[in-house]
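Here come two complexes built around chain A, the first alongside chain B, the second alongside chain C.
The block that comes next holds the complex of A and B.
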């Protein structure tokens, strides 16, 4: 049978055309900025130059890229370790009380604003904040721990920020697995740990891969959290770009770093889809 | 109890979900090497009972024994069971051979033994060349045979099959049934089979437990079940049957006397739930289509009365003739061959004769 959709269906893609045009226009503007000369002390840019790309190799900037990659990797790993048990209980638990508790505690923070959430972390992690206050009162420490403005503090805040997305991705992957696989493994003599290791984990690999990579790429472009919780001491790519662009008005170099970050994220996503294709060949979906 | 001949024993098992009993005090003994089927409509508790025996559910009351050992609170992975699922449940990330080897590895069988035993199991289900393939490359029927090999290779005490053929193409299903029966008889394994398909149950089983509302209505061999149902539920569920309202007149001289369609009938006393029938009470008369015959109208043989031929349904080996009585009620009469199509055209006035030696009576409620 021929698939004959009414002609007006074509109009439905109009919103995406607007989005695409806006995105392409801003990327094009960014792209052209990266080839322009930086005029110190001015918002205006000069003539065509390739010099901006040469500055990229400097250790100062490379260092921020490496730090960002490490922070993102830690965030993604912590997300996986915390998110998997949560997602698993969310899907498989028979207790509706446990399910709604998990849903509320992980998903609701998504709906609180960026700023509110980030400032809450300042209150929790600060020198006289909740954690230090509690530890001091309990007599465990004398001098407050450095939590705020450290990579650890930033990572904690980033994990909380991205955990809902991780749980949703993993829960979707887990809910696609027929319980019969796990029951079959148990009937063949596999205890709970071996069922998990031999069956559940390999079958949820696509979800693990896409969840981890999504969080990794997402965290790599984090801005507000490292800006506030890092307090200028923990800088990620976006913070560096912001500083260059809005403190130094060095738009050309900010554009170069933005393009580099974008290329990096595309490369990561490309690797993920390669990995997905390999998993599909094995027979997972 | 002779434990050496009983493989699985369920004693007074109760399991409910949200206050509603799914299995309501069931006791059942499966003999060694026996093919026993749990048969019933969906929601009758047959899958719950299977899961209790497998250990995926724990009963609120009652005990379960496998090979004489109480396993009521033993998890599935420590029970000697093999299981086959409707969805096959072959691990998609493993080859066929790895699937079959899985249980052996879990049971810590020496690596040198695993290869030969996997090969032997695949040989048994007639898929010797399929070891290196992935489950995805196999047809549904082949996948289910691999699942069977995977469950049998660990030599369990009992194998549990949960509607294993309902996802398989109808043409292939009969082949699969023959194959299962052949393997089951050859290795003599105790088998518990769950299905809602009564013809599948009749053709495979040594004994059938018909379940309804969490209870076993009748447990007997297929022929007994068909020829001597214990309740109106079993009579209606197994095979085709005609139901006619009737009134009990009384029980005399080893016979049930009742009145159906203005005719007085005498049934042998053992057919149906005679003990609970009171004189004057309303009851249902059950007769299978093949126990009815078309006879000349007004004749002495027409013990169920006279009617008019309404429609025919030609089934190849036989014709079902629907006869409508004066009160609008219809019965189905089965005639072998195809002659009935010509002998009794629609509109013909006919008499209906019932073989009362093969009719049953049960209370109306």
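The block that comes next holds the complex of A and C.
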């Protein structure tokens, strides 16, 4: 059965080949568009040109890339700090109530969808929103704090957005360590901090690496959160692409930025798999 | 020292859980406000925003469009993904690795890149922004999730069962229908459900490929947020959050989310 191809083979594989071709074709037409001349005010594109790539060097767009990278880095770091304890308790806690509380509360935002999640943050961070309203009612502030449309606000919303994924990746890594290692270290007299630092942390290094990099790459492709919470003042690559496409109809340059984002993400994931291989060779895995 | 650490650890976990849940709670409270402006704390109680959310035309149309698109996309992805994953897992053929890599690539390709790429391809081949374009886009996006759940279920099927059926004279197609498909069923149900939820909620790529006529609920909600600031969105969000929570609590009780997400501890 392994080598003989049954009659249904072609029928089973054809639909997926068709989809794969459509996917490759759409990326190819994106690539092709990045070389086309932009005709201002028109959806039509002109002849082939290299001019679009020259515009990448402009400070406006470089700035968007730098901002996107910084936001993603902060988000990934905050995810690691907040996600690790949650993941640890999720796997190791003896209370099943705590376990299911952690599981349900961290997972819910993942399933409510981008818009509900992002809208919620508008209500929390807004000028008359939850934080400002509460602080004002408590007499702590007189003028509302600027939280919406700031990098801080966007990061706070982005971290909540990606935390479920981080917790799932870290929890999987932690659940793979044998509890005996930690027990052995503790029985030999190591305190909880030392057990964590010398045993648990090194053993979960592959999970930490893959979690952090995954969140970093994931945040780089975020759209709804920076679009609404950033409100045009904090722009990531995706927002620039949308604006170029749908406000200016500058699809050629939007294509250039999209391709650049794709290349950046592939480079980051490629570096990660190199790093993972090194970690495995060192023998930490 | 030990006690202090334990307290700090507990506080960190508690604070993180509050941080994650707070937005949903605030939205639910806001939904019952009687003012047309988002204000905190709310000053009165009213159900009118729920009524408006329920009767608002764009939300109704978005809901119907979304359900149609989700039904088609998740079922097509289930059929195509199951067949592809089965053939890739069980047979050798040229281009197998490439095909698999392409089919799984939407996991890492940003959704805005995919959205704009599909939009450009559609305009290149003079396809307008129809339902089939949105469905095709969603099928490509959710296919990797179906394929992964089929892979996991296929690994748990003992090949001896297939061999036994084949040695008793069943044709390969009959083996697939009578042995593999029934054993795959629970995994397929999980994959289909996941695909349906993702498709219904997908926003970024959908925003690029939908038009006025085909817009889904998330796109209609996005448009609403940009135009109005009243708590109608809060009411709609509360309803969606409530459905999601009920659904996840049920899934956790009967299926075990930890098993689905494969984060069970090994003792």
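Following the convention adopted for this analysis, the second predicted complex is superposed on the first by the 264 of 285 C-alpha atoms of A that agree within 3 Å, B and C clash if a C-alpha of one lies under 4 Å from a C-alpha of the other, contacts with A are read in each partner's own complex, and residues count from 1 in each chain.
The rule is short, and it goes like this: a contact is a pair of C-beta atoms (placed from the backbone, for glycine too) under 8 Å apart; a residue touches a chain by one contact, two chains touch by 3 or more.
In this text, all values refer to a predicted model and were calculated from it rather than measured experimentally.
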Could you say whether A:203 touches chain B, chain C, both of them, or neither, answering first, second, both or neither?
first
Which partner does A:184 reach: the first (chain B), the second (chain C), both, or neither?
first
Identify the partner contact of A:194: answer first if only chain B is touched, second if only chain C is, both if each is, neither if none is.
first
Check whether chain B or chain C contacts more residues of chain A in the superposed model.
C
Using the touch definition from the top, say if A:37 reaches chain B (first), chain C (second), both or neither.
neither
I'd like to know which partner A:258 touches here: chain B for first, chain C for second, both or neither.
second
Shared chain A surface residues [contacts with chain B and with chain C]:
178, 191
Given the complex, residues on chain C that touch chain A span 1-2, 5, 9, 12-13, 16-17, 19-24, 26-27, 30, 37-41, 79-81, 83-84, 86-87, 90-93, 99, 102-103, 105-106, 108-114, 116-121, 123-124, 136, 139-140, 143, 162-163, 166, 171-173, 175-176, 197, 200-201, 203-204, 207-208, 218, 221-222, 225, 233-234, 237, 240-241, 244-245, 247-249, 252, 257-258, 261-267
For the complex, give me every residue of chain A touching chain B.
178, 180-181, 183-191, 194-195, 198-199, 202-203, 205, 282-284
Of all residues in chain B, which touch chain A in the complex?
54, 56, 75-78, 81-83, 85-87, 89, 91-93, 102-103, 106-107, 134-136, 147, 150-151, 154, 160
Considering only the defined contacts, which chain A positions touch chain C in the complex?
1-9, 11-13, 15-17, 19-20, 22-27, 29-30, 33, 43, 82, 85-86, 89-92, 99-109, 111-117, 119-124, 126, 128-130, 132-134, 137, 160, 163, 168, 171-172, 174-176, 178-179, 191-193, 217, 220-221, 223-224, 228, 237-238, 241-242, 245, 251, 254-255, 258-259, 261-262, 265-266, 269
